[in-house]
Structure formats: C-alpha cells, structure tokens
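First subunit A sits with subunit B, and in the next complex the same chain sits with subunit C.
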Partner chain A sequence: MTATTVEYAPDVAPPRRASPGDSFRARMTRRLPLLPALTFTVVVTQLPFLYTIYISLVGWDRDHPELGKKFVGLKNFRAVFADDSLRSAVLVTVELTAFVVVVAVLIGLGLALLLDRRFFGRGLARTLLIAPFLIMPMAAALLWKHAFYNAQFGLINGIINGVRGWFGNHTPTAWSILTDHPLIAVALPLIWQWTPFMMLILLAGLQSQSGEVLEAARVDGASNWQIFRSITLPHLRQYIELSVLLGSIYILQAFDAIYTITRGISNTTNLPFAIFETQVDSGDYGLTSAEGVIVVIGTIIVATFALRLLSSLFKEGTR
Partner chain B sequence: MPTSRLRTTAVFAAVAVVASLLAACSGAGSSGGGKKSINVLMVGNSQMTDIQKLTADNFTKDTGIKVNFTVLDENSLRAKVQDDVANKTGAFDVVTIGAYEVPIWSKNGWLHEVSSYADKDAGFAASDILAPMKTAASGPDGKLYGIPFYGESSMLTYRKDLLAAKGLTMPEHPTWQQVADIAAKLDDKKTGMAGICLRGLKGWGEMFAPLTTVVNTFGGTWFDQGWNAQVNSPEFTQAVSFYTDLVKKYGEPDPQTSGFVECQNAVGQGKAAMWYDATSGAGKLEDPSQSKVAGKLGFAFAPVDKTKYSGWLWSWDWAMPSTTKKSDAAWQFISWASSKKYENLVGTKLGWSRVPDGKRASTYDIPQYQQATSAYYKLVKESIENADPANPGVQKRPAIGVQFVDIPEFADLGDKVSAYVDDVLTGASSVKAALDKGQKDAEKVGALYRNK
Partner chain C sequence: MTNAAVVRLGGVRRRRPRFNAGSTGLTLLAWVMALLFFFPIVWMILLSFRSESDAATPRLFAAFTGVNYDGLFSGDVKIAILNSLNASITSTVLVLLLAVPAAYALSIKPVKKWTDVLFFFLSTKMMPAVAALLPIYLITNDLGMNDNIWALILVYTAANLPIAIWMLRSFLLEVPREIIEAAQVDGANLVTILRRVITPIIAPGLAATALICFIFSWNEFLFALRLTGQNAKTAPVFLAGSIAPEGLFLAHLCAVAFVVCLPVLIAGWAAQDKLVRGLSLGAVK
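Here is the complex of A and B:
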C-alpha cells in the first residue's frame, strides 16, 4: 500500500471520545444503546461459561443420580490430563486444520485468479463455485460418505474401476479411501466446503488492486509472473492472512464431517468430537466441562498469539 | 429530543431482550404446541418411519391429538433422551427406548410407570404381549415401564439362489464354522459380491450387538460372575478373531462404516450373500417395492458354536419420561401404536411384512401375516422364546442381557472396545492389542461393581 497521510478536513470532527469533562449522565447516555447487546452477550456467553467452570469442579454423573453432585476439586482436570486419547485428539485437530486451511487457500487463490479475468459466463461460474459453501455441513458430509466414498456404489471407486475396466482388469479395486486414508476422507469435504470462502475473500482482494499500478508495470515490461510475484501477492498478503485466520477458527471446530464419515475411529477424533463423545458416552458432566474449560483456555492462549502476530503483520503491510 | 428518544429505544430493546429470553425459557419448558399435541422422540428404524406416515391420517384424525415426531439415529437418540430425562427438561412426552435402558432408567426414576394405564385400558389387551418382551420392559419393581413396539431376536439371512447355484445348503441351525465356509464360497471379488455382511460400525449397539452373541456362543463373556473383566480371555479373543477374520476376508468393503442400515441396504441391493443381524430386518428385504432380492432369501437360526441358541433379545419400547405433563395423551398414542389395530393398519396399508411384530402372540396367528412372512415367522418366534437374557452363554453372569451387560457403564465400554476392534478391521491393530486395551477399560468398570 502506498504511504499517504490522511488528514481530516476541518469540517469533519474526529469521533468523539469520552473526556473527563463529561458529566456522568452524558457518559451513561452515550453507553446506554450498547447496554442491551452487552447484557445479552453476557447472559448467553459468560454466565454459561461461569456455570461450566463450576460444573468442572463437581462430580456429576448422569447415569448415577443416586451418587448426587459432590464438589471434587481438581479431580476432573487431573483425569483429563491423564487421558492419552485427548492428547492425540489435539494432534489430530492441528493436523486436520493445517491441512484443510492450506489446501483450501491454495485452491481458492487459483480459482480467484481465474475468476478475476473477464470471460463469457463468469457470473454463472462464480455462483457454481460458491455453491459448496451454501450446502449444510451435515448434508455435505453425507453426500461425500455415500455418493463418493462408498466402496461399492461410490463415485471414486466407480471411476477407478471404470478406468481399470478399460485396461481389461474387471476386478473391483480393494482400495478404499475410508480404510486407507481416513483423515484425508474427513478433510476432503471440508476443503470442498471452505475453498469458496477463501476464494471470495481473495477475489475481493484481487478486485481492489489498482488497475493503474498494473498497467504501469506492464508498460515497464514486467511479465505476468513478475506482476503476480511482486505486486499482486504482496497486495494479497493481508487477505491471505485473513482467510487463514478465519478458516482456522472454523476448521478447528469441525464436527459434522467426523461424526458422519468416520465416527472418530482410526485416529480421526479431533477435540470437539472427543468432548462430544465424553458427554454422550460417559454422561459425566464434570469431566466434559473440565475438557471444555481446558479447550477454552488453550484457545485463548493460541488466539492471543495468533492475533498479535497477525496485527503486527497487518501493520507491516500498511507501512 | 435525542436523549429521551435514546432512552425509549433502550427500554424497548431491553424489553425485547427480556421477552425473547423468557420465550426461550418457556420454549424449553413446555416444548411448544397446543394442549392437544404431544412430542415423540424415536429412533429412525423403518417401523418408526412407517408410523410417522400413518399417524396424521389415523391417530390424529380419530383423537384430535397432533403428534410431533423427532427422529434420530440410535446413538444420538440415547444421549438425547438421557440428557432430557436426567435433567428433567421435559421436551418429550413419548420416547422410544430399548431393552437395555428400561431397567436402568426406571431404577433412576426417569420413567413414568405404564402398568396402571395398560391394566385399565381394556382395548389394549396387555395379556397378549409375549412374556420375554414383558420381562424386558419391566423395572426392578416388577411394573411395566415401557410398552413394546416391536421385538426381535437375531438370525442369519442368506440368498437361496446363490447357495443353490453353488450346490450348497444351509442347515436350519448352522454353526459359525459352516457359515464361514459358505461365505468363502459365495464371496466373489469380481462381481463385488460380499460373502457375508456383518456390522463393523463403532458402537455397543452396532458392532457389539452381533459380536457379543458370537462371544457368548464361543464361550466368552464380558464379565464373570464376580465382575472380573474377561475381555482378553482366550474365548473372547477367539470370537473376535473369528469375526474380524470373517469380515476382512469375505465381508463387505469398509466394514468399519457398516451398521444395521448399511448391511440391510447391501443385501437389498444384491451386494451381500449373507447377513447375520436382527430378525426385524427381514420385513424390508422381503418387500419387493424396497428390495431387489425379495423372494430369493432363506433364513436360519443365529449361528452357534458352544450353545444351542445364540440369538439376541431386543425390543424397542414406547416409554413416557417422568417429566411429561401430558401422560394421558401420551398413553393414548402408545396404546394405539402398540395395538392389534395398528398392526392391522400397517398390514393393509403398507404390506404385511412391514408389521411391527415380535411383541404380541396374536400377530403370529394372523393368516395374512403368516402368508407374507412364511419364510421366517416361526423361526423368529422360536428365537425370541429361546433367548435367555439371564443366562445367554456358558457361564453365570453378574447382570442380565444377551448382547449387552445391563449396567450404565456398558454403553461407554462397548463403544470404546468397538473402536479398538475397528482398528483391527482397518488393519491398524492386532486383535490382541485391541482386546488388551479393552480389558483395561473393562477392569475399571468391573472394579466399580466388585466394591459394591
């Protein structure tokens, strides 16, 4: 971005900030409109969280109401840290998120570059490319599981068997993505769903490029690759950062694909699914809440670092 | 005046927020709907989807009670009902629960007893219900806590035409070894025909329903009478090795994704030659409108090894959560759904092979039903009558249940061990490693009861 100093025109007042000179009443009046939204947010997010913290310190087993609810201190937290399967769930979460986000951003960038050109039927192509993002995650996961992955009826093995047939091999393949690459089987529908999202953000970035700069570069004799490498990519940097950040936030929570496609077997259990299973299978509310609290704390730590890193990148980008 | 306008807006907004919160609360409490409506939560089996189709034109028309159905798969249904009744949210007036839940949940006080209703309702004919089904739906106090909708045992379904083409015959009471030999001959990788379809989907109620009956007849058990875990005992190991070998060699592809529904589809689409599963799965397969193999199927008793019978015993029951405020309307629905009249309605409207059977002795005397299910109705009745939940294997058990152990911890234990066995099916683990892990989980559960 070009470094320009923006000066306020004299007739436009800067946004008003509260100054010590304001009366109490004036300050309250200014804040009042925010109050309903704030109250609502506190009621629906913070109170349940405080209650979750309370439950995480309690022994409360749904299946044994005769035992009652007892304060057990940090017992639930100790149980969480002693559980190997949760540690592997953390690893799966990281693997899955990184894989899906990187692939979706790369494909999304490619599609955005193509859509940035003018061609006949561009509007239609854009709508079709966005379509996967509009499909309900559960429906998408079911579609992939049954229509694409099924080893007997599915499209993928159908194509493989068809190609084998051309070469005279009529035995159906014994290969199946669900057995041989379960984590990729979970990742593909997520990539399919989130690529359009990445594409939209990056397309917005491409279309905000200044045409004059590109024209000037072309006049100076820069090749297409040089233009992409030295002008477009640096310009897109903050858009890529944004799509990686938002994508990670959403993919971290992936649940539908895992529940539908693998039920978490063969090492495809991520953190949200692991917590779901604890609650559903054991009915131990205390343990489940402890897992939830630990995940929230972990997320806050990671998010703080990620946001700090990103905001510093943003500042570099605009300097 | 900007200030006063702001204040008015804020007051409105605050009122709106409070009102929406109140609405949300009351929504959870009374679960909406008028006085003449009930909420029913049920499992998505074909018998349940049938009743969903028939309710509005029959039950609602006759009684004026509107029925809102929520349909879930088996695993989510259990969790949903459990959370609902354990926390007394009262969102549902009628729920379907299985034979596993009735004794445990009635003991916890989560269910409304239905004996008093069944005794008062002369048209319901409670004396007609089969004895094992009644036992399965009773609580420890002897009262009924559920009304069976349909009952089932397990049996072997096979393609008569494919066996005949290879000159094979299926004994009426096959052994597992005979079944494995036939599966080896029927399996055809070229045409994509699986020799046998067996459940491999994770879940105590999925994979471990058939697998526990195999364990029983091979002489194994989850726990001995003193609550000592027996998961890595030689008999249990032999049964799991046999089952996983059979599926891996001659079973359906991706067995870890196949449950009851998937296997039923595979057989119905002509992609599997045999299937060991619930007797209630046969109706859909014998219905030409839903199956490509109707009329080509033969049926045999659940395969055995060391026991005489090995079929399981299961029923899906209608129950009222203790939190319902509409118990009279709920009973009206239950009474209709499990009546002879409803069986007749399904028979005439949808076909006699789709009747929710296995609960009433009189069902087996209906001529049209006998005709439609001639291939298996006697076998089903005999299997149900010979299933013994108290003594299903070769040794004494600490808790009842044929294909399960009737303690609340079993669902979690069975789910975990089935995930380990799935690793065997996908080739990621050995049987020994899987069952050694399972033994550790089972020991923890056994210790809870040993100390009592």
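Here is the complex of A and C:
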C-alpha cells in the first residue's frame, strides 16, 4: 500500500484501553515513547513550582541576605491578600483581556466574512491581514509607543495637530493617549496583533460550512442576513468559543506591551507585570512566590472549567 | 506559497454573484481593512529609511536614506540575532525530538488515560509563565547558568512542547493505520516506524509545527529579559534596549525592529495555510 491511498483514519483515536491480556512488557513499550517528553515537562514545569511553594513559606529577601531563610508560615500569603495592588492587578488583567478579546473577535469576524468571498487579490489581502500577528510583540509595542503614540513625533498626535492646523489652530494638542487613556494604549497593539489570529480561526470555520446548505437556503429565498443568523452563526459558535478561549490564554499573560508602553503606571499593571515588579524591583522573593502560588491556584480553578470546555470543543472541533 | 493559499481558498466556494454595487463595496472594504492593518508595518519600514530628524516629524514623504541599516549586521545586533537563532532552532529541534514519540504514544498507540496526559501537557501552557520566572531564575543562578543561552533553550523547549504534541497528534491521526500495521507485520521496531514510515508522511505537519515553535521562541521576551545578560541576549531584549534615553532614535529603532521581525514574517507567510492549525493546537484544520 502506498501513502497516496486516500483512506483516512478516524480523527479521534479510539479510546483503546490496554486489554487485561496485554503483558507488562507491551504496556511498557507503549508508554516508552511518552516518557522523555513527560519527564522533561514534569522536571522543567513542576519542580520549579515546588520550589516556589518552599520560597513562599520562608522569608527570603534578596536585598537583606543577612536575614537568611527561615520558616515564616503563611505570613507572605497574608501580606498578598492584605495588599490592594494585587487585587487591582487582577481587575486590570480581566479588563484588558476581555476588552482585547471581544474587540479582536468582533473585528476578526468582520474580516473573516469579508475574506470568505471571491474577489480580486483575496490571497494578497489575507497575506497582508495576517502580517500583524507575525510581528514580534516587543517590536509592535515599541512601534506603537514611539511611532504612533509619542506626543511630539508620533503619527496620531501628528494627524490631530495637522487637522487642527487646517482649522487655524496651530497650538499642538495637549491630549496624549499615553496619559489620557493608558489602558487603551496598551490594548491597541494587542488588538492589532490578535485580530488576525481570530480572523484565521473564524475564516476556517466559515469555509467548513456546507455549500449545499447555503445554496438550498438561498434557493428557498432566505436573505443574506437570515442565512447569517440561522445557519452561519450557529455553525461558527464553536469556532468563536475556541478563538475566545485561546485568545484569553495568551492575552492573560500579556507582558511585553505593558512593560514597554506604560511600565504599569496609571493603573495598567496586570498580574504578570505585578509579579515581575515585585520580583525584580522589591526583591522580596517570599512575597513574589506567594503571589505566584496564589495565581497558579487561581489559574488551576479557572483552567479546570476552561479545559472542560476545551475538551468538548476538541471533540466536536476536529473535523 | 501565496498561490497555493489562493487555490485552496478559492476551491469549493459558492458561485460568484453577478456584479453589483454591494459586492464592489465589500471588496473595497476588504482592501481598505487589509491596508489599514498592514499600514503600521509600512510605517515602520518607511521610518527606517529616513534620517532621524525626518522621522521625528510625521509626514508621508521624506528623503530616502539607508543609514539606519549601517552596521545592523555586525556587532551587538548580530550577536543578538545569532543568539535568537540558536535558542529558537535548538529548542525547536529538541521539541520535535521529544514531541514526535510522545504524540505517537498519544494517538496511534494510545497509552492508558491518554486524554489525561494530553490535558496535563496543555494545562502547563495555561499556567501563567511569570509564576515560573523566579524559581527558574534562581535555579539557573544556582547551576551557574546565568546569561547562558542553554537556560533559555530548556525553557523554550518546555514551553513549546505542549503545543507541538497537540499539533503533531492531529497530524498523526491522519496517518493511515494500515501502513503502520503493515510495517509492524514486517517486523519494524518503533524507531524504524517513526523514522521511515511516519516522518515522511507527516513531513508537512512537522514543518508547520517547527515553524510555530520557532516563531514563539523567537518572539519570547519575559524569560529572555530575566535569564540573559550581555552574552546570551536575544533579539527582543536587544530591541527593547535599543531606545535611547535621550535624543532621536525612532528611525534607528524602526530599522532594528524591521530586521528582527523579518525572519518570522517570512516564515509565517510561507506557512500561512498551516498557521491556523498550529495556533488552534490542531483543533481547526
């Protein structure tokens, strides 16, 4: 048999359990290829977490090594919960993630619908549209901050001042997105970069629609809007859920944009940046570790639900 | 590459409606949006070919100069790019070496509780990376691996392994089982099956997985910032450090940014029809 034979295996592996008849040796052979990856992942991702728990329970201050490491119990955890700044960082994280994901999905959906038609140069338009996603996040953040936002030589204020000039007002505007809307300033490059991602997933969803169903609906006299509402949108639901979920996983971790654009000032500190700051600036390793442990536990709780959703998505989504 | 994408996209679509104003409007809108999204990149490239004083006053046209690209392929930039290449390529190779057998054990010959294992890998991806920053920083210090590119390589390998396993698994599920069974009947062992039978079939998927891992490693900033110093500094860290505290720097910054973005732009465009599958961890094809 050659590789060209088109005979697709089922998409989801059958839950083939090792039958009782399987020998120990057979089971071990089956497991063997998995072990290197599993061991590596456990060592690199789980051991550091145990170390974090240990540090969180001993007081460890980088700048006061003379204090040494001694068991302090839950003192660091109490300090984290007593601190308002971490609560506000959680809020900023949720706000930023929700804002970026919602806007990116909406624009992404619009772009996917636009690209799901045949028109002149569609391949090139798609190529241009995915480019922002391929830009290094650090480069994107620097580009937006200095080439677009800067009050003196940035393009945004340049355009505003140019328009004011036409109306005879030659004093440069005092408005700057960095001081007036810092969280939006952080969000814009993220939206710019993640909209293509949403667009790609939703476009794949649109193109997996059955052409016959759409044709039949059209023959029956359904309007474009009716077709979108009753056929396309229900079909897209799982793709929208998937894009929201994956987008959230990545944007919850946003760091580069905040580090570069605002450095966390004027209430733009999200969780990753807050933990980074405690660690690098204050040097209170015990406190940072307690923050890390709390965030990981919080993530486990959220992720348990997310994974349940994801596993149902993957069951339906693999097609 | 673009042609292939067009052909694929244009394959099984509905009939084109007769010419009408609405359709032209939509085409126009699509093009306006495409140009709007691409504009910041055009702006970056335009600024990179201007003198610093021209770049400091925003306007569409200005005198062309290549001065910002002088010396960009030597010295510190070169070191940073070589470090980035080293970290990205080495970690990608390690990821594939670990992920191919693991994906095999999770798809073709699934071990017991394979879904649990699969979701364990994925859950490590959901954990906030910043929580691992301190312990990994301290451990690398203890091991004397501060400012050593290998610390980054290991971190990137662990970070990309879940993505690669999920992605490769979706490609492996498409390998016809009869081929593998035939090879087994012929007495081939696991290594032979992986190397001689499976790898050639999933080569396109393997390439796509490698590209995704490469892109993520190339762009990573947080760990690179914390774990590297002068020697092992990677491109994003160099870029972040290339803004001058005073004076004009925008044109130079845009030139550096463009140069360090170029490898991923090219790689991503080349793989664009596989990008969706990789980014959705194989859930969407």
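We take it that the second predicted complex is superposed on the first by the 289 of 319 C-alpha atoms of A that agree within 3 Å, B and C clash if a C-alpha of one lies under 4 Å from a C-alpha of the other, contacts with A are read in each partner's own complex, and residues count from 1 in each chain.
By definition in this document, contacts are C-beta pairs under 8 Å (C-beta built on N, C-alpha and C of every residue); 3 or more make two chains touch, one makes a residue touch a chain.
A quick note: this is a predicted structure, and the numbers were derived from the prediction, not measured.
*Asks:* Looking at A:S266, would you say it contacts subunit B, subunit C, both, or neither? Reply first, second, both or neither.
*Replies:* Touch partner of A:S266: subunit B, not subunit C.
*Asks:* If we overlay the two complexes on their shared chain A, which of subunit B and subunit C does A:P172 touch? Say first, second, both or neither.
*Replies:* first
*Asks:* Would you mind checking which one, subunit B or subunit C, touches more residues on subunit A?
*Replies:* Looking at subunit A, the partner in contact with more of its residues is C.
*Asks:* If we overlay the two complexes on their shared chain A, which of subunit B and subunit C does A:P182 touch? Say first, second, both or neither.
*Replies:* The first partner, subunit B, only.
*Asks:* Under the stated touch criterion, which partner chain does A:L307 make contact with: subunit B (first), subunit C (second), both, or neither?
*Replies:* Once the two structures are laid over each other on A, A:L307 reaches subunit C alone.
*Asks:* Contact-wise, after the overlay, does A:A79 reach subunit B, subunit C, both or neither (first, second, both, neither)?
*Replies:* neither
*Asks:* Going by the contact rule set out at the top, does A:Q152 touch subunit B (first), subunit C (second), both, or neither?
*Replies:* both
*Asks:* Name the contact category of A:F40: first (subunit B only), second (subunit C only), both, or neither.
*Replies:* both
*Asks:* Please work out whether A:G283 is in contact with subunit B alone, subunit C alone, both, or neither, and reply first, second, both or neither.
*Replies:* first
*Asks:* Let me test your reading of the model: by the given contact rule, A:T29 touches which partner, first (subunit B), second (subunit C), both or neither?
*Replies:* Both subunit B and subunit C are touched by A:T29.
*Asks:* Can you pull the subunit A residues that subunit B and subunit C both touch?
*Replies:* Overlap of subunit B and subunit C footprints on subunit A: residues 29, 32-33, 36, 40, 150, 152-153, 279-280.
*Asks:* Which positions of subunit C touch subunit A when the two form their complex?
*Replies:* Contacts found on subunit C: 2-3, 5-6, 9-10, 12-14, 16, 23, 26-27, 29-31, 33-35, 37-38, 40-41, 43-44, 47, 55-59, 98-99, 101-102, 104-112, 114-115, 117, 119-139, 154-155, 157-158, 161-162, 165, 170, 173-179, 182, 190, 194, 200-201, 215, 218-219, 221-222, 226, 235-236, 239-240, 243, 248-250, 253-254, 257, 260-261, 264-265, 267-269, 272, 275-276, 279-285.
*Asks:* Which subunit A residues qualify as touching subunit C in the complex?
*Replies:* 1, 3, 5, 7-13, 15-18, 27, 29-34, 36-38, 40-41, 44-45, 48-49, 51-52, 55, 110-111, 114-140, 142-144, 146-148, 150, 152-155, 158-159, 192, 195-197, 200-201, 203-205, 207, 211, 214-215, 239, 242, 246, 249, 252-253, 255-256, 259-260, 271-272, 275-276, 279-280, 285, 288-289, 291-293, 295-296, 299-300, 303, 306-307, 310-311, 313-314, 317-319
*Asks:* So in the complex, which bits of subunit B are touching subunit A?
*Replies:* Per the stated touch rule, the residues are 3, 6-7, 9-10, 13-14, 16-17, 21, 75-76, 78-79, 82-83, 86, 104, 108-109, 189-190, 192, 201-203, 252-254, 256-257, 266, 269, 271, 408-409, 411-412, 415-416, 419, 422-423, 426-428.
*Asks:* Given the complex with subunit B, which residues does subunit A contribute to the contact?
*Replies:* 29, 32-33, 35-36, 39-40, 43, 62-66, 145, 149-153, 170-172, 174, 176, 178-179, 182, 262-267, 277, 279-283
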